[in-house]
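You will see two complexes here that share chain A, one where it goes with chain B and one where it goes with chain C.
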Partner chain A sequence: MFVLILAFGCVAAVLPVLAARIGRRVFYVAAAVPAAACIWGIWAYGQISDSGPLIEQAAWVPQLGLTLGLRFDGFAFLMLSLVAGIGVLVFLYAGSYFHTEPIIGRFAATLLLFSGSMVGLVLADNLLALFLFWELTSITSYLLISIEDEKTAARSGAMQALLITGMGGLAMLGGFVLLGEAAGTYSMAELLARPPSGSVVNFALVLVLIGAFTKSAQVPFHSWLPRAMNAPTPVSSYLHSATMVTAGVYLVARFTPAFADYSVWRPLVISFGLASMLIGAYRSLRQHDLKLLLAYGTISQLGLMMLLFGVGTRESIFAGCTLLLAHGIFKAALFMLVGIIDHQSKTRDLRKLDRLGAQWPVVAAAAGVVAASMAGIPPLFGFLAKEEALGALGETGFAWGVPVLIGVVIGSSFTVAYSARFVWGAFGPRPVSMIPNQDSVRSEAVGQQVPKPSKIFLAPVFVLAVLTLLFGLVPSLINPVITRAYASLVGVRAEHHLALWHGFTQALALSAVAIGAGFALFWWRLRVEKLQDEMPKVPSAQRGYDRTVKGLLEGADAVTGFVQHGSLPIYLGVILLTMIVLPGIPLLRDGVMPDLWFADSPMQVVVGLIMIVCACAAAVARRRFAAVLLVGAVGYGMAALFVIQGAPDLAITQLLIETLGVGVFVLAFRHLPADFVRSKFRRSQGAQIAIALLAGVFVFLFTLFAIGARTEPSISGEYLDKAHSQAGGNNVVNVIVVDFRGFDTMGEIVVLAVAVLGVAALVRAKRSPAEVEP
Partner chain B sequence: MTQRRSVILDLCVQAEFHTLLLLSLYLLFAGHNQPGGGFAGGLVASCAFGLRYVAGGSSALSRSISIPATTFLGVGMLFAILTGCVSLLTGHEFLESAIFSADLMVLGTVKTSSVLFFDIGVYLVVLGMSLLLLQQLGGADGTDPDEVQP
Partner chain C sequence: MSFFSALIVAVLFSVGVYLLLQRTLSRIILGLALMAHSANLLLMVVGGRAGKAPILGAFGPEDSVADPLPQALALTAIVISFGVISFLLAIAYRSWVLTQDDEVEDDVEDARIAQLGEAEMRRWWSRPK
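Moving on, here comes the complex of A and B:
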């Protein structure tokens, strides 16, 4: 399994190079990798039917006891077949969608990386590994949405997607850590087998759910998904309908058998899921852009999946698995269709598309089949899924079962209506809208001379259309996959199976109601549109997002303006005062005055006196140059003291540093006036003098007390002993610098290099802009 | 502002320059057993270039060295980090030292430690830092107001 995931990354690395040579055929090369994943999946599926799930372990950070575990079971197979199977089709499709765009290499590589991350996500057993792949899908999604980086809408849409899913991902990580610590394991299988208890678990579940809701674009975090539609259509078809957005559903599905009975689980998942289903479907009815119509439809369908898994009864989990697969198939096909229409006619506004169906009858038929599957019309796969869902919700046995069921029926009728709107809008005649001010849009009809798409461009759509028809007509083909997925979630074999005809049941009646109501909504669509238009405007999630981001930026501006106001004296004052106050208080309280003695040699007295005189002179010097020379003299005095104490290394370094320091100071002074600025005595200057004096006194006392503060024996003896025997050097100072404390030195030279590069950049920036290279 | 160049200073610097560079190398290599080391060596070399600058301005500085200062910084860092990585690769801790001794016939036995390479890195970073400061603060781009005319 590790090899499989790595293969995605390795092939992705060579794709950009390859794309430069073979152009768009690179997509066919890329398609080989998910195809291999498919084949592996089918092989592994055969394995697990005999002997439980496949498990692979690798040490990740052994010091922390972290292992990277992958686990392949029935549910993983269902997800893998979606990710890899639709992946193959999307790559084939992208081969026709693109022509000679320069972004092809980057696009194919990123798409393949996404594919690999998604495979990793569904195989991961370790929660932290799951998080890692989760974030990788967010990042690749960001890159893919903004792949046409010259478009502002693409960039801001990508940013929005990244911010919202990233925020959710962080919350989820917090939840994972809480869960992992409470359970004592980060393995999902072990966690779910023995779920921890306690109030912290409920809190952790809320965090995990925030992650799942943001990823699966649930209301009110859904606003990123419609804006992600700025991505090229293969991305929308793959990431934003069939796979990545189902990651949140996937997580809920994994967790629900273990956590459904926790107090926060059902209320949260069911309410958010139902709200998303209704709001998404309702808003889908007003969209004119076919892609946006589908995007809101996706939000709605994801809401239904959330709801089904959240309910957590055996039947509803079974229904959720079915819908997950059915949705992946029909929604990917629908997005591909929109991409084809967009590609051939250069528009996807259903007010402009006119009678496309007359020209492309076969395409229109395929679209009809797939959309009917979405609407849940027999005998298609989508109908089976909808039937299971309604059946499961009808027998939950909970008090809230009936209202939820009614909500789902209303949502389903909306779904029927927007499915019909999609087909009619794309392939039927242009609508005669009752809303005024749209004449400008309607004047430019498209549909008379639209070039026919090539067969290979259409092939992936047809494959999916045939699948959705086939699985509907012959459910026994797909039944084993779903029952195995169900069994690996719930832990018992399914006593239930998919069938086209369950007899005259409540579910069938509700299906009929939903379909009838949906077509009624579609029939009176102009009135519905008008009604929707007259509804009071509710605050939209997009506005909420915009306000949050704006508020964050303004807040950051205000904070930066307050703490980084640019006054050097105040910066220094704050730093020095902190230095004086924080260590100063314990120093005065607990400091021990050492035994003092006058001097070791008369030379020390002489040098010390010179240093004191120079320091005082530097403080009152009028000219900058004189002040620097005097400070340098103090430094030379220090070097002399080192010599007297018998520390040649320190002396050499001190001497050289002072020499160079004075030189650099002088260079810097060329940019400053020769004299210090003289001004009248102000109160702020008084404060500055006070702080300077305090700092001086503090450093003096600190050094003094530091001598008396030793409680442990000095380590110098040990250094002296080991310098020769272990490091092979006689110069202990050097051995300490480069060997014993080599890591410190490494850090210091890095700081040195970075600081000097910063200084150089600042000096260059100060010069006139024309002199600085662009 | 043009000034005349001091002949005495000029000659002295010419005489001192290479001696100082040699001294800096001596300090670098002797550092493990005698006073010195990469830091001190680098500082001495910096002083040598500083003297060049004082005597002839930034044009003299750029004539005496053609490698960009940032190259010194980069190569120095590379030396230091690679030294650490080599000991990692040979199964030791990062930056753990190894002692080599080689018999160089007439020159006698030379004993050295792998940290010498680390010290060379320090030397180069320090030298690069001073050169960059001299060039940037000293205005090596030809707009130097203190440019000294020969």
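Moving on, here comes the complex of A and C:
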């Protein structure tokens, strides 16, 4: 299995080079990889019918106990056959869709990478590996939507898809980690076999569901899917209908047997699923762009799948599996059809397309078959799936079963209506609209002179149309696949099987109601359209997304502007206040007051008072040199204090340095005006004084507490003992500086040297860069 | 040392902070010099009581001796703060060479960001709810 996934990546790497030589035939080369995956899948399918699921393990980060596990079971086969099977067809289709565009190489490679990530996603057993593949599909989806990177709409649509699915993916990762920690394993099979309990699990499940909902474009996260329709149609057909968007459904399907009874699961999944089904289908009814019509239809169908898996009864899971496969087949085919229409007629606006069916009768027939499958009309595969769904929802045994069932029937009638709208819009005559101001759009009819698509272009559509018909007529062909997928999810064999005719059941009656209502909706479509137009406007999810992104950017601007305003005193003030407040709080809470005595000697008081006076005078001095001299006086006071303390070395050093320092000050300031400039910022003086006083109080308390905090005797006794014997000196301070702590002094000398270099450079530098140039 | 020493440390630091918050580069540097004095004194103060100089032979067995370790640390600190202040003075000199004064202006780029942010803020609050 690892080899299989790696093959996708390796072939993708050479595709761009190959495309430069053989052009669009590169797609046929690429198609070989998913074809190989199909063949492998069928072989492996034979294996798992005898023994259990195939499992492969590889050490990923052994130090952390991370194992990359892959697992192939019945449900993985169902997904793999969708991903690889439709993948082959999409690659063949892309071979006709593109001609000589320069993006072909990039496109084929990215599409194949996506395909590989998706295969990895459905095979992954380790939750973190699943997340990795999940994000890889998001990223490749981003690249594929924006593949025509000169289009603004493509770029912003891609960004929207990435932001929304990426956000959901991060939430999901959080959920996975919580689940993994609660269960003590990151293997999905083990997690599902022994689901953990506790309130944290419910929270984790909400996070996982956010990931699933964003990926599967559930309301209200659905807005990215219609905008992703800016991608080339092979992408829409592959990623945004059949495979990637079903990843969320896949995850819910995997989790639902273990977690359906947790308190958050059913309410969330069912309500989001039902809302998506209804809103998606409703909005689909008013789209004029065939691709958007299908996109909203996809949201609706994904909602139904979510709902079916979320209900979590055995019958509904069985129905979910069936619908997953059926939807992949008919939706991929429909998108390919739109791509063909768009490619041949250069429009996909159903207000322009006129009587295309008359010219392309065979194509129209195929479209009718797949659309009928979507609508759930017998004897097609889609009908079987819908029957199962209605049957399963009719016997849930839950109190909310009936309202949900009614919702699904309404949604199904919408589905019938938009399916009919699709076929009629694409191949029938142009609609007569009751909405004014659309004459400009309708003025240019397309349909009389559209060139016929080539047979090879159409082939993938026909394959899918035949499949949907065949699986409908002979359900026993596909039944084993679905029952095995079901068995690997639920853990027991299905006692149920697909059949075209189950007898006169409630489901059949409801199906009939839905179909009848759907055609009625279609028949009175102009009135429906008008009614929809007159409905009060609700804020769309797209607006919500735009607002959120705009708000984020504006908020970031506002915060940056507030924090980074460019004034040095304010920056320093904030830093100083932080310095005072953060350590100040624990200081006041836990500080220990020492035994205090007022002063060591009367001389100390005298010198100290002089220093305090000089310092304060320096603060208010208006004349520059007065301030310098006052600060110098404080420095000499320091020297006196050092003498009192019993530190003659310090006193000498301080005297020397202070004398030197005053000299340097005078040198530096000799050109500057004698008086300080009166500050323009008089208003802020109060704040400056307040901060200064606060800092003073803080340092005062800090000093007292620091004296009191001493609990151990000084280590200096040792220095005193060993100064003579080990270093041969009597002045202990000197011995410490040059011997015991010689490396400190070494560092100090380096600092001085660097400072000297800096000073020299600054003083000798030219006036301005302009002077340096000739 | 003592209560009074702590008071000196605090006053020097407080005045240092006040000067640091000014817009004139030379006052900022003077403020840093005062803060350096304050820090050096702090090392002494928390180091223990005053006493005889820690020079072998200069004190008898009965005398209390000042702790030599904080002295050694302060010695290093004095010299380094001198280095830092010399460097800052060179910067002040350079500022004078380039602009003929030593006022610290607001950063132009930051000010522009601030303006943008303020406009954004205003729009944010005045937006009809």
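As a working rule, the second predicted complex is superposed on the first by the 565 of 774 C-alpha atoms of A that agree within 3 Å, B and C clash if a C-alpha of one lies under 4 Å from a C-alpha of the other, contacts with A are read in each partner's own complex, and residues count from 1 in each chain.
By definition in this document, a contact is a pair of C-beta atoms (placed from the backbone, for glycine too) under 8 Å apart; a residue touches a chain by one contact, two chains touch by 3 or more.
Everything numeric in this text was worked out from a predicted model, so none of it was measured.
Engineer: Just to be sure I read the superposition right, which of the two partners does A:D600 touch: chain B = first, chain C = second, or both, or neither?
Structural biologist: Touch partner of A:D600: chain C, not chain B.
Engineer: Taking the superposition on A as described, I'd like to know which of chain B and chain C A:A193 touches: first, second, both or neither.
Structural biologist: A:A193 sits against neither chain B nor chain C.
Engineer: Comparing chain B against chain C, which has contacts with more of the residues in chain A?
Structural biologist: Comparing chain B with chain C, the partner touching more chain A residues is C.
Engineer: Counting only touches as set out at the top, which of chain B and chain C does A:T653 meet: first, second, both, neither?
Structural biologist: So A:T653 meets both chain B and chain C here.
Engineer: Based on the superposed arrangement, let me know which partner A:N731 touches: chain B (first), chain C (second), both, or neither?
Structural biologist: Once the two structures are laid over each other on A, A:N731 reaches both partners.
Engineer: Taking the superposition as given, does A:L641 touch the first partner, chain B, the second, chain C, both, or neither?
Structural biologist: second
Engineer: Tell me which partner A:Q564 touches in the superposition: chain B (first), chain C (second), both or neither.
Structural biologist: In the superposed model, A:Q564 contacts chain C only, not chain B.
Engineer: Please work out whether A:Y719 is in contact with chain B alone, chain C alone, both, or neither, and reply first, second, both or neither.
Structural biologist: second
Engineer: For A:R764, select first, second, both or neither according to whether it touches chain B, chain C, the two together, or no partner.
Structural biologist: Only chain B is touched by A:R764; chain C is not.
Engineer: After superposition on the shared chain, which partner residues are touched by A:M746: those of chain B (first), chain C (second), both, or neither?
Structural biologist: In the superposed model, A:M746 contacts chain B only, not chain C.
Engineer: Using the superposition on chain A as set up above, list the residues of chain A that contact both chain B and chain C.
Structural biologist: Chain A residues touching both partners: 648-649, 653, 657, 660, 664, 667-668, 730-731, 733, 737, 745, 752, 756, 759, 763, 767.
Engineer: Can you list the residues on chain A that touch chain B in the complex?
Structural biologist: Contacts found on chain A: 648-649, 652-653, 656-657, 659-660, 663-664, 667-668, 670, 727-731, 733-735, 737-739, 742-743, 745-746, 749-750, 752-753, 756-757, 759-760, 763-764, 767, 771.
Engineer: Which residues of chain B touch chain A once you look at their complex with the stated criterion?
Structural biologist: 27, 31-40, 43-44, 46-47, 50, 54, 70, 73, 76-77, 80-81, 84, 94-95, 97, 99, 111, 113, 115, 118-119, 121-122, 125-126, 128-130, 132-138, 141, 143, 145-146
Engineer: Which residues of chain A touch chain C once you look at their complex with the stated criterion?
Structural biologist: Of all residues in chain A, those touching chain C are 554-555, 557-562, 564-569, 572-573, 576, 596-601, 604-605, 608, 611-612, 615-616, 618-619, 624, 627-628, 631, 634-635, 638, 641-642, 644-650, 653-654, 657, 660-661, 664-665, 667-669, 671-673, 676-677, 679-681, 688-689, 691-693, 695-697, 699-700, 703-704, 706-707, 710, 714-716, 719-720, 723-724, 730-733, 736-737, 741, 744-745, 748, 751-752, 755-756, 758-759, 762-763, 765, 767-768.
Engineer: Write out the stretch or stretches of chain C touching chain A in their complex.
Structural biologist: Of all residues in chain C, those touching chain A are 1-15, 17-24, 26-27, 30, 33-34, 37-38, 40-42, 44-57, 65-69, 71-72, 74-76, 78-80, 82-87, 89-94, 96-98, 101-104, 106-111, 113-118, 120-121, 123-124.
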